[in-house]
Structures are given as structure tokens and as C-alpha cells.
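In the two complexes that follow, chain A is the common piece, with chain B as its partner first and chain C second.
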Partner chain A sequence: MSLLKDKFLFDVFKVNLNQLVALNNKYGWSLNLEELKIIVQYFRNISRNPTRAEIETIAQTWSEHCKHKTFNSPCVLTIKDHRGKIKNIYRFKNLFKETIVYATEKLKKSYCLSVFKDNAGVIELGKESKWGICFKVETHNHPCAIEPYGGTETGVGGVVRDILGVGLGAKPILNTDNFCFAFPDKKYNVAKGFLSPHKIISGVVSGVRDYGNKIGIPTACGSVFFDDRYLYNPLVYVGCVGIINRKDVNKEVLPGSYIVVIGGSTGKDGVGGSTFSSQDISENSTSSHVQIGHAINEKKVIDVLMKAKELSIYSALTDCGAGGFSSAVGELASETGALVDLDKVILKDRDIEGWQVWLSESQERMVLCVYEDKIKELEKLCEVEECQMYIIGRFTNDRKLTVKWKGENIVELDMDFLHQGLPKIERKAIWIEPKMKNKISKISVMDYYDRFEKIISDLNVTSRRWIIQQYDHEVIGQTVLKPFCGVNEYAPSDATVIWTGQVCEDFSLFNGFAVACGMKPNMSDISPYEMAKYSFDEAIRNLVCVGADISRGAALDNFCAANPNNEKVMGEFSLAAIGARDASVDMEIPYISGKDSFYNQTNIGSKIYKIPTTLLISAIAPVEDVRNIITPYFKKPFNPIYIVGSFGKGFGASVYGRLFQNDNNYISPLNLKQNRKVYLKLLEAMRKGFVISAHDVSEGGLAACVFEMSLCFIGADININEIIKVYNITELEVLFGECGSKIVVEIDLKNEKEFIKLMKNFPVIKIGYTTKIPSIVFKDNGNILFTSDVNKARQLWERNVL
Partner chain B sequence: MIIEIYTVDKYDRESKNIREVFVKNFKVNRFNLKVTKLYNIVECEDITSIDLIARDILLDPIVEEYIIRREKPLFKGYKWGLEIFLKKSVADVVGESVSDVINKLIDKKFNVRTGKCFYFSSSRDKFISFIREEFFNDLIHTMEIKELDKNVFIKR
Partner chain C sequence: MGKKRIIKKPKVIILRACGTNCDIETENAFKYVGAFTERVHINEVLKGYKNINDYDIITLPGGFSFGDDISAGKIFALRIKSLYRDFKKFIDSKRPIIGICNGFQVLVKTGLLPYSDFKQRVTLFLNDCGHFLCRWVKVKVNKKSPSIFIKGLPEEFYLPIAHGEGKLIADDIVSQKIISSNLDVLRYIDNPNGSIYNIAALTNEFGNVIGIMPHPERAFFSIQFPWKTREENSVGFHFFKNAVEYVK
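Showing the complex of A and B:
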């Protein structure tokens, strides 16, 4: 009999379904009944009982976190109108492939170097450049809900390792962070055992700050969205951009090569993390799911890898993330096979079982496929950088995963079963359209200023300086456009621009790239389809505002939703996926990577707290010459101001709607094909030097946008009469509406005629002039609607809530 | 043995800032606070080694001083010491780093656990709830409130 504790948990020939379900709940495998049955059948076929390590390996590999089984499943979506009448039924064999992958395959962009197959997507840095940019965004929601600081730190560490694991290893050069929280300045009756929004926010921000700043990567792009429904389920998206030489984009696992781990030691921390994030959060979440990051260890790993890559020491690598070795070795060896001896692992806990070593999510570890004759060189490198390394086995060619612990085999699984054995279960999805209401209550002109003040001091509009100022934006010395710019760095930027000459080791180059994001989660209740399109459009519009070349751009989709077993949640999600597909196809900008996170709901007693389906679109595009980028603040008085793009009716999902008109849920649909044409034309105007500042209209509407552009002591005199006439909308919709997609631009006076000529036949309206006085004036013909002293308004906008 | 590092009052912004937030939020009139950093060098009884670790690794001698102690908090002039440590099951990366440096310095391997101690003398319940909200997470931390002896001996 084996001396190993818990080696076998049940007898496959005797166990019944009830017992299996009980074991599943007890050990937190997050497997469903179909999956449990298939596992039992597999072991019956090979006439033996499974070990605990094997069940845990299968559970991790088949988890929502690792396999994205919901998004990859067949799905039937029924759409009903608000009366309950069926309008349409969509059937998908594989929702992910028929939405996100479909868009990318249809667009077939030659500048996409690697999509959906590696740790991150890769595109060309510029036309025929020998360098590629890779971009990955991850979510770390469940860990951050229970321990915000450690959860966020390890999220940042994890996504940086994703970039290190792309191809033969990319160099990480920029971190991004996007959050969704409940309002920190609002009093909630938070249930016992859960953390307040205030505590979550300060922990999360500190986590990003401490890890990013210490590891020496700038954190310079992000966003925050506040909504009550994130009270128990905050969303924490962390991203990383890297630079890779084109020749290093592909990796190959060679049988006979060593399996080498570099980085941290292995302990019990984070055991079962991926199955934990594949279930709802409850009061029973435990400290074993908590990991703490170690930025300095990760910096050592980066330094070793960058040198080892130059010396061609390894042929493949990946990061140790969710599922630990089981996932990293399992994925790398999926086409070959592997023999692992866990007794070779450097441990930091003495009292640890083999399956725990195999599944541990201890941080800062990378798994490498090292050439047999290069081991000594790697040892030397690790010694110089004071980085731990240990050989844990070899890649084989038997397509089997074999793991030993204390001389016994604790895992012996066929790779085909592990990676292809997961059953696909058809999911049902339903979406009932809400009744659209476009009621607009008239208010006195006297109240316009009051509403403007309330909007710019709303947390979804206010400055994020209280978060952003904690991050290092400039480390490595390559950040051209930071989150704030202009005089005293008062103006908020639309996107971050990075110069890449230094990383690419050619200081004569002035090219780089821009990164931006878009998110509109509160639109999910009204139309998940439009929510996805608005998010996509906002991300791309932000890139346009700085002058990035969107015709060579790419996007990342990061979905978060509640429990997909709920048909309505699945309905919201699948409709958002369709919207994301159409947005990409219409804009002709492909997806290169993404992630989905489910079970973002919390059960407290009988009450279920769900998040709205949330889609973060992160977009990236090359910048031909970083010296010519456009910034958002007004530059000179007496320059003409134009609005480019189209307005829409309604206050659905807007700040104004939430504060003053919550009976208006109308959203104007977007025409992204048209928007693409407008954006490309505007970029042409930018290249010709006609545009000297540009800022997108988003939360808070036109009034907030013009205010933000005026923050650097140049004011604006705006007349909205022409907009009202052209779009047949009310003054309030023009000032505070968020529907449609538009960019406010300042045109150099001497180039105004050429700009008008160039933009002929495009939706462009002149709305006023910049002024010498730092104040903004909004008029409808001769009537002044309101004026605002920008310096005074800035006090409201800059408020710190922590 | 525990090495307790504290910033001399003149430079101690941390204690001052935490005190200000507490006084403001809980509307407390008179309240004194001293915050210290704790390094528990587990299973180390050699006072010479501990002294070396404190002076050569942990201390910034310009703005900080240190105390070496066992269980009981020792800071003079306060009634209670509220200690927060990471639970044993949670990785303590600062502790791991200190442990590595100790190993290099004196060629001995010790497990190091880090924490904080808040010394105070009044508004006990209010201060505990403030600390719970701001500095404590049940899932990863342990918290212990210890009453100080009146006549304490401080070895500096």
C-alpha cells in the first residue's frame, strides 16, 4: 500500500454519482456531472483508480480559468422583445470560434504575427518592422475580492510572466490596469466577512503600484468604472505589453530536452486557484487561495530570460500561472509528453504533499524547455542573477504526462484525454430586450451649471489622479504620452504612447505604439450588443485621438460575467460576444488575444449579487513617429474648435441618466463602418498637421470633454446650435449625452480651410473657438446656457476619494 | 525573538498620518500612537546574531532605532500594543527576502515573519475597529492585543 497521504480518493468501480458530487464539493474541483462521469469512465477503461494528483490535474486543466469551457461551448441564444415574443434564435457550435475568432479570421490581417495560440497576441510594430508588439490583459477578480493587495500584485506578476512566455520571450515594457469597483464614498451595509469598497480599492491600487514600480515596468494606461454591483465582486484587469523580435515569435518543445524551472520556490500558496476562480465567491473562501507577489524575484527571472534567449539556451517556455506545474508542463508537453520528478523541486514548505507541489501556484516561476547541452550555461546565468533554477524532468515523445513523488507515480495521464477529453455541454442563453424609453425632462437653463458641476464631480467622470499618481509612468525612459499631460500635467490623456527605439536598440527610430481602452458595462442591462460596440469604439477612438495608425491596430477582448448557468447571464454574455464580433469586423480591427472570467457573483445567504456583463476592450496600434502625436488640451487661443463624428439620442447608461434621468434608457446604435471611415480621414488631417489637439467625448458628454481640454489655461467658447439642428436632439443631450461617437478637435487657424476641404462629406461641425481666459462658455445661438471657471471646476474634478 | 524597528518621533510621518486619519474619522480628542515594524526571527535565540541582523540588515540608523524582545511589546508610555502578523499559511515575501540576506550575512537559515505593532493608550474599541478596517484582513492576518507592563525595560 502507498505511503502517500490521500493517494487514492475513491474506487472508480464502486463510486456512485452522489458520492462523486460530494467529493467534488468537498475538494472544490468545480467539475460538473458530465465531466465527473467522463473521468470515472476513463479510469474504468484503464482499469485502475485515479490518484488525488490526477483528479486535481484534470480539474485544473478543465477549469473555466484554464480551458474557457463556457465560451468554447455550443450555445443557443433566444432573443425576445420586451413583451416576451421571440425575435430571433442564434445557434452556435462554439461561441468563441464563431464570434471572436471568426472576426480575426475574416479580417486576415497580414500584420498579425501570432493570434490565439500563445500566451499573448503579437502584431507588427510597424510596416515590415523586424519587431513585434505583444499584448495581454488578464483578470484577477476572485483573488482581489478576498485579498486585494496580494491578489493584484500576483495579477500583475502573472500577466508580466505571460508576456515573458510569448514565443521565446518578449521584453515587458508597459503595464495597464482597469478596475470596476463599487463607489468608495458611499455607505454600504457590507456583509460580515467581506471587504468594503474603500479597502478593496486601496489594496488593489497599492498592489499595482508596489509590484509595477518595483519590477521596473511603467504602469501608464488604465481606467476605473464605479457601479454598486461590483460591491462584492470587484473586477481587476491587469495587462502588459512587450516587444519581441519577429524571429522569436514561435516556440518548439523538443523531446529529450530538460524541463527547467527558474524563479521562486514552491509552497502551498494558491493551491486550487484556478478551480477557486471557476466558482461563485462565498463566505467560505480560504487563505490557501491567497498568493503574495515577490516583484524582485520576478525581476531576476526577467533578467535571466532576456540573456538566456540571446544565448539560445531554450527552445520553448511558458509561465507558471493558474494550476502551477500541472498547467505549465501540461500545456508545453501537450504535443509531446513529459516525465516529472517532483522531488527535484525546491520547496519552501516542509509539510507538503506531492499533489500540492504539482498544483501550487507559488509565484514568479517560469518553466523552460532547455537544450541538453545548455544546462551549464543556464546555471551560470542564474548564479550571476541570483535566481533559483531546478531541473524537474524531461520532455518525452510518448504523449503521456508522468509525475513522480517520493519514488511513486502520482500522475500517469494520456495527453489526449487531458487536453481533448473535456465534454462540450450546450448552454442555453436568453435575452429579453427592455422597453426603450427616451423621455427627456426639461429643466431651467439656470440649472445647467448645477448639473455640469454634479457631473464633473461624479466618480465616473472625475480625475483618476489619486490612483495614477502612485504609479511610476516613466521608468525605462520611453513613455512619450503619460496619463496626464500639458501645463502642470493637468489634462487627462486619451491613450498612452510609448517610444520603442530604446528597447529595439535603435535610437535613430522614432516609432512606437499607443495603447488605450474602452468599457461601458452599465449598458449591458439595456443592450449587451451595443455595449460591446460602444466599448470597442471608445478604445479605438482613444487611439485616434493621439494619432495612432488604427489601420494596423489590434484589440483584446476581456469579458467578465456572473454565473453562466443562469440563462439570462449567458444571454447577456453571448449577445455581447456577437456585438464584439460585429464591432471588430466593421472596424476592420482584429482581436489578437483575450480572456473571459465567469462566476463573478457572490452568494450571501439566499441573496445573489451579480455583476453586469462587463467587456473591457484594450486596443493597441503603432505610431509612426512619436514626436508627432496629438494631445488633448487646447494649445492656443482663437483657434477653431470642431466636433468630428456623430451625436445620438438618449441618456441610456450615461452619467447624466444615472444622476438625473434614470427613466431614460435609450441608446442610439452605432455605425462602426462609418466611424472607421471618419477616423481614418481624421488621422489623415492629423498627419497633415491640421489638428493640434483632440479629445474623445465619453463619460459626462461634450461639456465634460471641453472642460478637460480647457484644463491647461486655454478656455473655450462653444455654440451648440448647429449640432441641435443637424441631429435634432435637445440641448441636454448635446451637453451631457454619451450616445454616438465623437471627437472634439482644435484646428490650427491657418489650416482651417484645408481641414474643411479634407473633411468634406464627413460629419464635422464647427462648434466654437478657444479663448485666452481659462473658462468655458456654452451657448445655444445667442443664449448662454452656462459658463464655468475652469480653475474652480478643477477643484471638483480632482477630488480624492480615498 | 522579535526585532522591533521604529522611526524616531522627529521623522515619524507614518504614526502621525495614521493617527490623524483615526482622530478625524472617529472624532477622538486625545490620542497617542506609535507604529513599529516587527521582524520575528523564528527559532533564533542567539542575541549576538539578532543584534547583528537588526543593525546591519534592517535598520536605517539615521531615522530609526530598534528594540529586541520576545513576546511582550515593550514600548514605554503606552497601554496596549496591537500586533498584526501574516498567518503562517500565507507567503511572507518580505520575510523571505530578510531570511535570504541573513543567510548571506551570517550563514544561518531562519524563518522570518514580518508584522506591525500599533501602540496606543485610549479609545481601545474604536481603534481596533479602525485597524480592522484599514490594516487587517481576516483571511491573511492574525491580530493580537497585548497589555504592556507598567515598568518595562527597553534594550536599545
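Showing the complex of A and C:
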């Protein structure tokens, strides 16, 4: 293979396919054959050879990470039953548009101020509020697998910059984090060169802690899910919520304005990060792709931006993430054009090539479109805040991207080709339904308590205090409902509630918003469709528990899957996407942002380790008055306890199933249209003041839920007989089952009659009352199933993992 | 400036640096108790754009000034030391200074606490647990302390902490002196970080300078409390109110 010595890598008129593929592998572009052909054709048409910088720019722009080409592809999904007989075939021209976008467009909610066009969607904070809230969740899985601390830090930094880049710059005010790990208390035979779950967890948690705390944004909402299949591919979701004045929601790039970079210097770090994230992990993956963040640099950027926005110094901005300047400038200038001179860039590395400067993913940089006459003002601001800034060029109106390095043009590309030239490849997807079995082995009543103990000390149920206490979840003084609440902060909350009066500097306002999440990845093996619905329902149910207004809410979809070239992986994924679509439509809650991350699989020798298709649903909804939120812990003895919602059969994807009955994979489908009605009715009861505590039933089932509500010294006496009769399910399914969707509520005794009247025709069952002593009792009519001393059980539940 | 002036609306300077992050809520607390507030970067003072002696109260809010590189609050303290004359004038005029969390660390490292003579005598070191800790803790007020900030506080109450380096360390002589002259304003009831004598807040001998490790600005509005209590709501209010009342 002959390479031209200087800036051209190959001759488009002479190169053959084999040589192209060899180059692609050598330079790690992650381009496929179709794409390589189109690139060659483009340069043949303009009769010249491409430069290295050009090919790298195209590879980054077209990478899975930047363009999400798998989700946007045409797709044929074949569904077969467990015998292999074809049940259904679905055809999509664009899977993403026909699922996620479809739901949002169908619902057409007027409170959505901006969706699918900016870094993150924006919704109204409340009716006719002058504020909007935006929410974005990202994954940083590949970096965290090989360098957890740096990977997580830069993940947090990246999503915060995403929010800073919304409109004219939203103010980031809340961070979220959701993790999927393998069990740290289990012995795995970890392959050489890979990190143990314990190392990964401690790196990830310290990464969120050190970066999140230092930039002064509370990290106050999250979850952790443990499953063996995350051993080599941990998932790290990092999210950020921002607040923005409605008038600042749109940006405009004006030709003639300066292209200004503020924040960190540029070096060779992270070159090729997005192409690295668009392939499987193997023994050869190196941590040199992963950087270490610098939180204070990002904090300076935030401080400068918030002031610069007030002073109307710029008319548009975006973050520098994957692809560096190439994607930041490329995106901002996609409608105009840009002329960039890379010699103006402040470098931290002298031994660097032009294309590397252009593609560097050095952290903590934002790109601004600054008015010509405002440059001096920005310079002064940056001087006081000790923040670097450099002017790297101007926006033009020639619809061309021109980049200079040492006086020569190294990129001259048409914007249209760069952004629209990507070919689409049809994906094949297949899903084979497993055989469902609802086997329930009878056990002696004597063993119920033992099972309860094992469940509340299982890592998917235990307290997350060991993580949460390391995060500053109180900074800005706005976290009204914190991750823990109740006396001594003993009880875990369902959602986080933020009071926005503090950042809006208006103490007469008592409105705010709630954020919650849901995921059920181990259901993907049984039904990816139901998995998506369960995840969606859990997130919304959590919002309902605190009394947030879900009729003005929004959701985020964050998918993670293994290699999509595998038809079965694509089958799981596409079916999950259909489930996500139906969940959103049925619940009438639109998606405002989302992301998908593929290639979460590791190839070691001939063995392939794949994650289950994982969907994180994050949900956000306004809270009219944060003084009236509902918390989960029992408030007073002798109050009636009710269960709202419906039970289902089966132990599929439950903690009980995994521990004691793994031959049971039965799950009951959800009816989300019905759930929406129930939730809205319950919210009405809450507004009327009937409900004084509410907690959702999730991992560990009803028993774990009632236990968590009793953590603040008020116990409960529960009789499950009525549930057994109504739903025709076993005692074990009532106590520990996770199917169906239900919320346990404590009703103020004096309002009980009115509560019953209001909830007539809705699935509501009285299950007991609160007691004075800190213990819980479960009965089936006259038979005591088990009792538990809460203070003793607390010791089991408050497990420290690190 | 030395003698007491009659001020209608006291002016508070919220002195910040790169990495300060509790400035908004601290400013809001002062606004709420009727002060005129201004958030000023230390560089604006160093460049002479602003003068600290134009204000009645100085506040050093929490955060990670300059990333807490070297040690918490150290670099910020060095910059303040270069303004030695200005700060001396401010303290000599008995005007209040309140340092919260990182602000406390800065005051200690500047040598403004426990004695306001620009000599460092104590330090705040890594928590015994070895990492950052954020939770609510119960504290007790030393009513005998000369601090001007504690009027109206209940004897015991809850405040949130959020710090990695909050363990107060001093040698025996200094710590004995702190205790015997009642310079310990607040003590933890359940010590979260290993501080000597469970100290959570320090004052100077006159009482106009306070450094406090927990965050009163995060316990300022009753909705900030994690559970409902009768008497303890909005306890943080007193610290700010007392400062403003004092200079009025």
C-alpha cells in the first residue's frame, strides 16, 4: 500500500476497496464500506485528493457517537415465537423517527418549548412561567470501562457543557447519575487487563464526586443496578438539568461574527474519542483515549458564560465534545459556513498536527459566536474570572467549512456533504420470544422472614447512602426533597425536588420541578417491549409519589446496547424502542431528549460479553408548590395504609426471582393508559391533602417498600388477604413480586372516607395501618407471615459497598 | 471608618474566587434579611476595581476555591494575605466577616481565626472517613462565646455539612486556649469528621469574625429541611440576621 508522503493519505483515482478498508482499520475511523465509497466518490467529483484532516472530520461527523446512524437507519424487525414461527414483521424507514420522534410529534404538547433540535429539549417550568427547564442524559460507558475515574469526570463535564450549550446557555442546576455494574460482592474471574467491579465502582463514584462537587452543581438523583453482564461493560449515565429564560431558548449564528473558544487549551488528548466509542471493547483498547477532567476550568466557563449572557456578548454557542472543534464549529456553521485558523488556538502540546488540533477533544471548552464589537468586553470578563479565551476565526456565508493550519487549507468541505452525505444502511433485527414460565415453589411460612432479610440486603435493594453521602446534593440550597428524607434522613426518596426560587433569585415563588428515573434492564431477555414500558412507568410513578404534575412532564430515553450488527441485539433494541414509543403515547408524556450508545460489548479471545439492552428513562415534571410535596416515610401511627395501582403475576426480572426462583420468567404486561388515569386521580387526592406519604413498589416488592416507609420510627401492620383475593396471586407474589405498578400510600385518618369516595372505580385496596412501634407485620388474615424489627433490618439494608 | 456608623441598608460583599460555588444562596440569604449585596471576584479587588472597605460585611462563601489545590482554601488565603492592609483595616473597625465551609478554611489559612492577626494557628484537614461527606448533623451552641452571630439560636439544632476537609486540628496549647476563651461557637453532637473537641465553628476573641463548617445558608428557609420539626426551621436565618443587625 503506497501512502503519499505529505498531507494526502491516498489517491482517490487509484485506491481500491481493500486498500480503503486497510486504511480504515489502521487509522481507526470506524467507517463502513458504503461510507468509504461515498467519500471516494465525493472527492472524485471535485477532482482532488482528501487530506487527513478531511477524512478525520468526516469520520468523526459520521460516527455512531455523533450521528446515531444505527437508530436513524431503516430497519426490518422479525418477531418469532419460542418455536421459531414468524409472528410479525415490522418495517421502519427510520427507526428513531418512527418511535421516539413519532411519540413526541403525536402528543404535540404546547409546554415543549424546544425538542430534538438543540443539545437538549426544553419544557416550561410551569404554566406561563417565564422559565424553561432542559434536561439531558449522556452515557460515558466506553471510557468508564477502561479508566473509570477520568471517564466519569469527563462524562459529567460533557453533559454539563451540553446544558450550557442549550439556546443561549442554560444554567446547570442539577446533576443525575445512573450506573449499571456487576456485583462488587461477588467473585468473578476477571480477564487480564480488565478492572474488577469494585475498582470500577470506586473510580466512577469518586469521579462524579470530585467533578460534580467542584463545579457546584448538586448531584441528587440517580440509581444503581447490578447484573453480572455489566462486568466488562459498566454503564455510566450522567445527566444534567438546566434552567433557562424562555427568551433565550433560540440561538442565531451571524456571518461575520467571531468564532471564540473559552475554557481549556487544546492538546492531543482524546483525539478519536467518538470513533473509539463506536466499536466494541477488546483486550487492545487503551486508556489513552480517556482524559482527566478539570472541574475548576469548567466552573470558570460557567461563571463567564452566565455573565456574558447577561451582557449579550454572543448570539450562539455550543459545547466542544466528541469531535472537538470539527463538530462544534461544524454544527454551529452548518447553515452559514466558517473560516477557521488553527494557528490561533492556544495549545498545550507543541508536537501536534493540524488535524489533531481540529479534532482534539480536550475538555472544558465552549465555542461562541461573539458579536464583533463585544470582544473587548468578553476579554475583560475572562481576565477577572481567570478563564482562557481565543479567537479562532469567523463565521461566513459561503456554506463552506474552511480550516487553515500553518497558512495552508487543510479542510475545504461542503457543509451539505458533511451533514447530509451519510448513506443509510438497512438493519436486520430479529426477536425470538422466550417461553414464559410462572413456576412458584411453595415454601414454609417459617422461611418468609429469611427471604425478606435476604431481599433487603440484596445490592439491588439496599441503601445507596454509601454513594449519595459523597455527593454534594445540597449546593445552591434548593434541594427540597433530597435523596434521603425523614427523621435523621433515614428514608430513601422516590424523586428529587428542586425549588427554583433560589436560582431565579425570587423567594416569593414556591414552584420547582421533580426529577426521577426508571430502568428494568434484566427484563430485556424476557420482553424488551415490556422492559421499556416498565422503565417508563417506574420513572413516572416516582414523580407521582412526590406529587409532581405529570400532565406537564417530559421524558428522556437513553438506550445502551451491544453490537447492532448482531441481528438479535438489533431485535432487542428495536423492540425496546417500540415499547418506548407506546409508553410515551399511552402515558401522554413526550420525549424531549435522549441518546443511544451501542457497541457495549467486549470481545476477549473468542468470547463475547454483551450487556442486556438497557433503557434508562429519566423523567421531569413541574411542581406547583414545593411546600406541598409528598414524602415516602410514614408520618403518624394509626393512619390507614392503602395500595394504589395493580398487582401482576410472575417473578420475571425480580430480585426474588434471581435469588430464589430463577426458573420463573413470567411478567405481566402493563396497561399504561389505565395507569395514567390512576396516577392523575392519585395526584388529585394529594392536592386535596388526603395523602400524607407515598412510596412506589419497585425492587424487592411490597415488603421492601413498606419496610422503607417504616424507617423513620413509625411501623406498619399489613394484611395482604384482600390483594390475594382480588388479583388471584400467591402470598409470595404479593410480598416480593415486582410485576404491575403500585404505590403504597398513607392516608390521613380524618380524610379516609373522602379518599375512598374520590378513588371509587379506581384500583385501591386497604392493606393495613401505621403503628407506634418501629416494626412491620405482614399477615394473611389471621396468619402472621412474618414480622420484622425495623431497627434490626436497617442494619442489613444500610450496606456499605466500598 | 473606625467608629460605628448608622446604616440603613448594610452592604455585603460576597467575596468569591474561581471555584466558589455557594455564592448565590449566600447572597440570597443576605438579601432576604435586608442587605444590599454584591458578588465580587477576588481578582476585582486585587486589580483595584473594588475595595472591601466600601462594604459593611464580608462573606466568604463555600466551594472549592482554586480547586482546593495544595490544600483547601490555601490559594484564596494567599491572595487575601496580599490585601493585608485592607483586611486589617476592616477587622480593626470591628465589622463582621463570615466564612462558611471553604470560607472557614480560607479564614483559618489566612490567620484570621481563631486570632485575627494573620498568623495561622489551626487547620482544617481531611475528614476521618477520608472523603467528602454531605449530610445533616446536630450541633450545639456555645452560648458563652463572644460571637455576634449566635443571638436567638436554639441550644441544639441541625445543619447540613458538605465538605472533605473539615477536621479542625490544633496543638494542645492552642486548643486549650480556644476552649478556655470560648472561641468554639458550635460543636457537633455527633462528630462527622474528627474535629478536636467536636468543633464545628470558631470565632475570634472580639466575636466579629466567624468561620463555620456547616452551611447555615442551606438551612435558611424551612423548605430546605429534610424533615419537619417544630422549632428548628430556618435556624440559619439567625446568622445572617445577626450580622446585618450588628452593623445597622
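As a convention for this text, the second predicted complex is superposed on the first by the 794 of 802 C-alpha atoms of A that agree within 3 Å, B and C clash if a C-alpha of one lies under 4 Å from a C-alpha of the other, contacts with A are read in each partner's own complex, and residues count from 1 in each chain.
Going forward, contacts are C-beta pairs under 8 Å (C-beta built on N, C-alpha and C of every residue); 3 or more make two chains touch, one makes a residue touch a chain.
Computed from a predicted model, the values in this text were never measured in an experiment.
In the superposition on chain A, contact is made by A:Trp499 with chain C only, not with chain B. In the superposed model, A:Glu474 lies in contact with chain C only, and not with chain B.
In the superposition on chain A, contact of A:Ile526 is made with neither chain B nor chain C. In the superposition on chain A, A:Lys482 contacts chain C only, with no contact to chain B. In the superposition on chain A, A:Val271 makes contact with neither chain B nor chain C.
In the superposition on chain A, no contact is made by A:Val261 with either chain B or chain C.
Of the two partner chains placed by the overlay, only chain B lies in contact with A:Gln291; chain C stays clear of it. Contact comparison for chain A: of chain B and chain C, C touches the greater number of residues. In the superposed model, A:Lys348 lies in contact with chain B only, and not with chain C.
Residue overlap on chain A between the chain B contacts of one complex and the chain C contacts of the other covers 294, 296. Within the complex, the chain A residues that touch chain C are 206, 209, 213-216, 294-296, 299-300, 303, 383-386, 468-480, 482, 484-489, 499, 502-503, 505, 507, 510, 626-627, 712. Residues 18-22, 24-25, 28, 31-32, 41, 43-44, 47, 49, 62-64, 66-68, 131-136, 160, 162, 164, 215, 217-218, 220-221, 223-224, 226-227 of chain C are the ones touching chain A in the complex. Every residue of chain A that touches chain B in the complex is listed here, in rising order: 146-147, 150, 193, 195-196, 198-199, 267-269, 285-288, 290-294, 296-297, 348, 362-363.
Within the complex formed with chain A, the chain B residues making contact are 86-87, 89-93, 96-97, 133-134, 137-140.
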